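So, here come the structures, one by one.
Each of the next two complexes has subunit A plus one other chain: subunit B in the first, subunit C in the second.
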Partner chain A sequence: MIDLNLTILPDLLLAAMLIGLAWAALSSDDLRRGVVLFIAFGLLLAIVWARLQAPDLALAEAAIGAGLSGALLLVALRDGVAGNETAGKLSRLSRWLVDLFVLIMTCLIGWVLWLTIYAEPVERLAQLANTMLDRSGVSNPVTAVLLNYRAYDTLLELVVVLTAVLGVVVVGRQRRGYRQAGPVFCGLVQWLVPLLVVTAGYLLWVGAHAPGGAFQAGATLAAAGIVLRLAGYDAAGLPDGRLLRWLLVAGTGLFLLIGLGVTLSGGAVLQYPEAWSGSLILLIESAATASIAAALVLAYRGGRPGDWSSAGDRDPNREVST
Partner chain B sequence: MTQALIYALTGAVLFMLGVRATLLRDTLLPRLLALNVCGAGVFLVFVSLAYRGDSMPTDPVPHALVLTGLVVAISATALALALNRRLREMTDE
Partner chain C sequence: MLDLLALILVFSGIVFFFFGAIGLLRLPDLHSRLHALTKADNLGLGLVIVGVALLHASLLVGLKLLLIWLLALLGSAASAHLISQYALRRRRQ
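Let's turn to the complex of A and B:
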């Protein structure tokens, strides 16, 4: 059943490194070390996605999983950690029981996966997805699934992003910015930011027929914002006030409007007319890119911008920062 | 198929490593890392089931689901970090 040959050697090595890095990241008592190991874990995972022929995911993982998660976690280390280190010390017996439970569950899940992989091949959605590709308006199957066949998934995902960033905005105000960087870093920023913006635009455009798309583009654009903030630009490239609010809801709003518009003209919700689907998908993706980037950069800034007031705001620093 | 099996089993191990750390660690940030490792394990299972050898096209549906999952995971992480910061501010006062 299992053909043992040299071609699976790199896979075994990658799998072992993934497990080792995850173990090291999770068992490390030094938080900073744990976070850095987690970033390395994300980068390794991007290689695994490429190995499993999922280049869309490899791009997204490198930008989101390793890059932006890492940036968010590293900046959060400065805040300190809530929770009491000693409060939940477990007895030896409960530790042992947890380990036993984990071992049994791993074996069970592994057994089920083994059965699934060696089961008789059945009819899969993949065939349907690939045969209908001509009618979807794009030629990258992953983009077709995301923005055509299962567009409601992506709509709800944008709602999740919006909800999360609303939560971030509600619970606190943004962190204090960094001081202006030195001339060398500013010189780098002058090159890097335009390059990231152009890359984001390219990823957005190329997503229709090759690996890329709104998420990868949004993450790359957010990376440009983070670089700007590190260089001492407090706003991190985001506009102020009302425009920022519109930017945050642009993805969800436009998606909903197009969905409703299509319904009014006789189709089902989000069932694009065939001739228009390519342009509609590009339009939705552009708005989604802007919204995702704005949400991620705002999350990196850590909360409500200084010029947004809120009725229940009793922050003592308020007078200082406005 | 052997590759798919290797990565699916790795995904199962990663998921349970994450569960273990979530149960055993008692501060928020390590738990957040653990939950992210859990998510990575689930994504790995999805993608390895979508892989059907180098000669066959992969299944795009799980890929799209995982792409959605990645963005949802980072949104949840960002919200959890904001809550962590707020909690710290409240306990410091």
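Let's turn to the complex of A and C:
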């Protein structure tokens, strides 16, 4: 009954590995092991998105889901475990809660899948998005949806990122830094950081007509900051005090200003004039990239702007960056 | 003819990956595991990439693939060094 084609075998294998990894990550009692499995899960998920011909999602998953979230989880674990032997293990109650959560999510996802398979065919939004593409100012449908048709959603996402960063700043304590890296890691940093910055710029620019965009570019830029931080540069490439504040609000602020400007000049909120939409989108995306990158690096570093010590001071008690 | 050569290269690359994975699972301690993993996988990736570049027969794609290989080499060399150095330091403490 099922048309079993040999070419779907690798995809079935990928899907099975994905479920296996998800299960292993969730059922691991050792949190560090769980985090490492989660990163592997994210990378595999990126491959699955690529196989489903959704390169935008694949890029975002690899950069944000696996890379940045993995780094944040690892650094949170490092905070929690320091001087506390049991902190790295799951308690029985949280074990039980995780199981309950998995059960509920599995039922929900199964239900949604069932609904999608047996639902009446409806008008697909994708077709609508494609027919309006030449009026959106960009030629990549994903960017058109994110920054034109559904600009509201993206604006609110940027607000969420900003709120999260305010939380990080308020909580306040800066994490311990890392020991100055040895020659090999320093050599790697000298190659890697410029390359990451160039890649981020490319992703930002290419987002108008091919997979890419502000979130992927921001995550790539943030990766450069995290690499710098791991190599012992405490400021992690972030500017000091006031400039950092401007960077953090740039994305949300510019987005709001443009939305307001468009409204005042007679359009609906965030409905760009057609002739300008391409450049407005690029402007918003550039500001958003800077804000997202600054926010992610700040979340990794912890602490409020302006009170870090100079990059030159070295503490022998610091943990090694491996 | 070119396709056959490409297939041979890709498959020999996969064989290297396979033995690298066996080494990772079977060798007794961290340093020999790292040795097996980095050497075998780097060569395997190189062979796969040359094979794929031959299949594409385009200079731009070939250069991109070459860049990917160089980055993987750089990353794996540096991370293997960091891991083994960390292990050594832990052992001395």
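Here is the rule we use: the second predicted complex is superposed on the first by the 267 of 322 C-alpha atoms of A that agree within 3 Å, B and C clash if a C-alpha of one lies under 4 Å from a C-alpha of the other, contacts with A are read in each partner's own complex, and residues count from 1 in each chain.
Following the convention adopted for this analysis, contacts are C-beta pairs under 8 Å (C-beta built on N, C-alpha and C of every residue); 3 or more make two chains touch, one makes a residue touch a chain.
Computed from a predicted model, the values in this text were never measured in an experiment.
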{"item": "Subunit B versus subunit C as contact partner of A:Ala58, first or second or both or neither", "value": "neither"}
{"item": "Touching partner for A:Trp191 - first (subunit B), second (subunit C), both, neither", "value": "second"}
{"item": "Which superposed partner A:Leu248 touches (first subunit B, second subunit C, both, neither)", "value": "neither"}
{"item": "Subunit B versus subunit C as contact partner of A:Ala224, first or second or both or neither", "value": "neither"}
{"item": "Partner chain(s) touched by A:Ala46 [first = subunit B, second = subunit C, both, neither]", "value": "neither"}
{"item": "Touching partner for A:Gly80 - first (subunit B), second (subunit C), both, neither", "value": "first"}
{"item": "First (subunit B), second (subunit C), both or neither touched by A:Ala235", "value": "neither"}
{"item": "Partner chain in contact with A:Ala66 - subunit B first, subunit C second, else both or neither", "value": "neither"}
{"item": "Touching both subunit C and subunit B, counted on subunit A across the two superposed complexes", "value": "none"}
{"item": "Contacting residues of subunit C [partner subunit A, same complex]", "value": "71, 74-75, 77-78, 81-83, 85-86, 89"}
{"item": "Subunit B residues touching subunit A - in the complex, by the definition given at the top", "value": "1-21, 23-30, 32-34, 36-37, 40, 43-45, 47-51, 54, 57-61, 63-68, 70-79, 81-89, 91"}
{"item": "In the complex with subunit B, residue positions of subunit A that touch it", "value": "2-4, 8, 11-12, 15, 18-19, 22-23, 25-27, 31, 34-35, 38, 41-42, 45, 48-49, 51-54, 56-57, 60-61, 64-65, 68-69, 72-73, 76-77, 79-85, 87-90, 95, 98-99, 102, 105-106, 109-110, 113-114, 116-118, 124-126, 129-130, 141-142, 144-146, 150, 153-154, 157, 160-161, 163-165, 167-168, 171-172, 213, 215, 292, 295-296, 299, 302-303"}
{"item": "Contact footprint of subunit C on subunit A as seen in their complex", "value": "182, 184-185, 187-188, 191-192, 195, 320-322"}
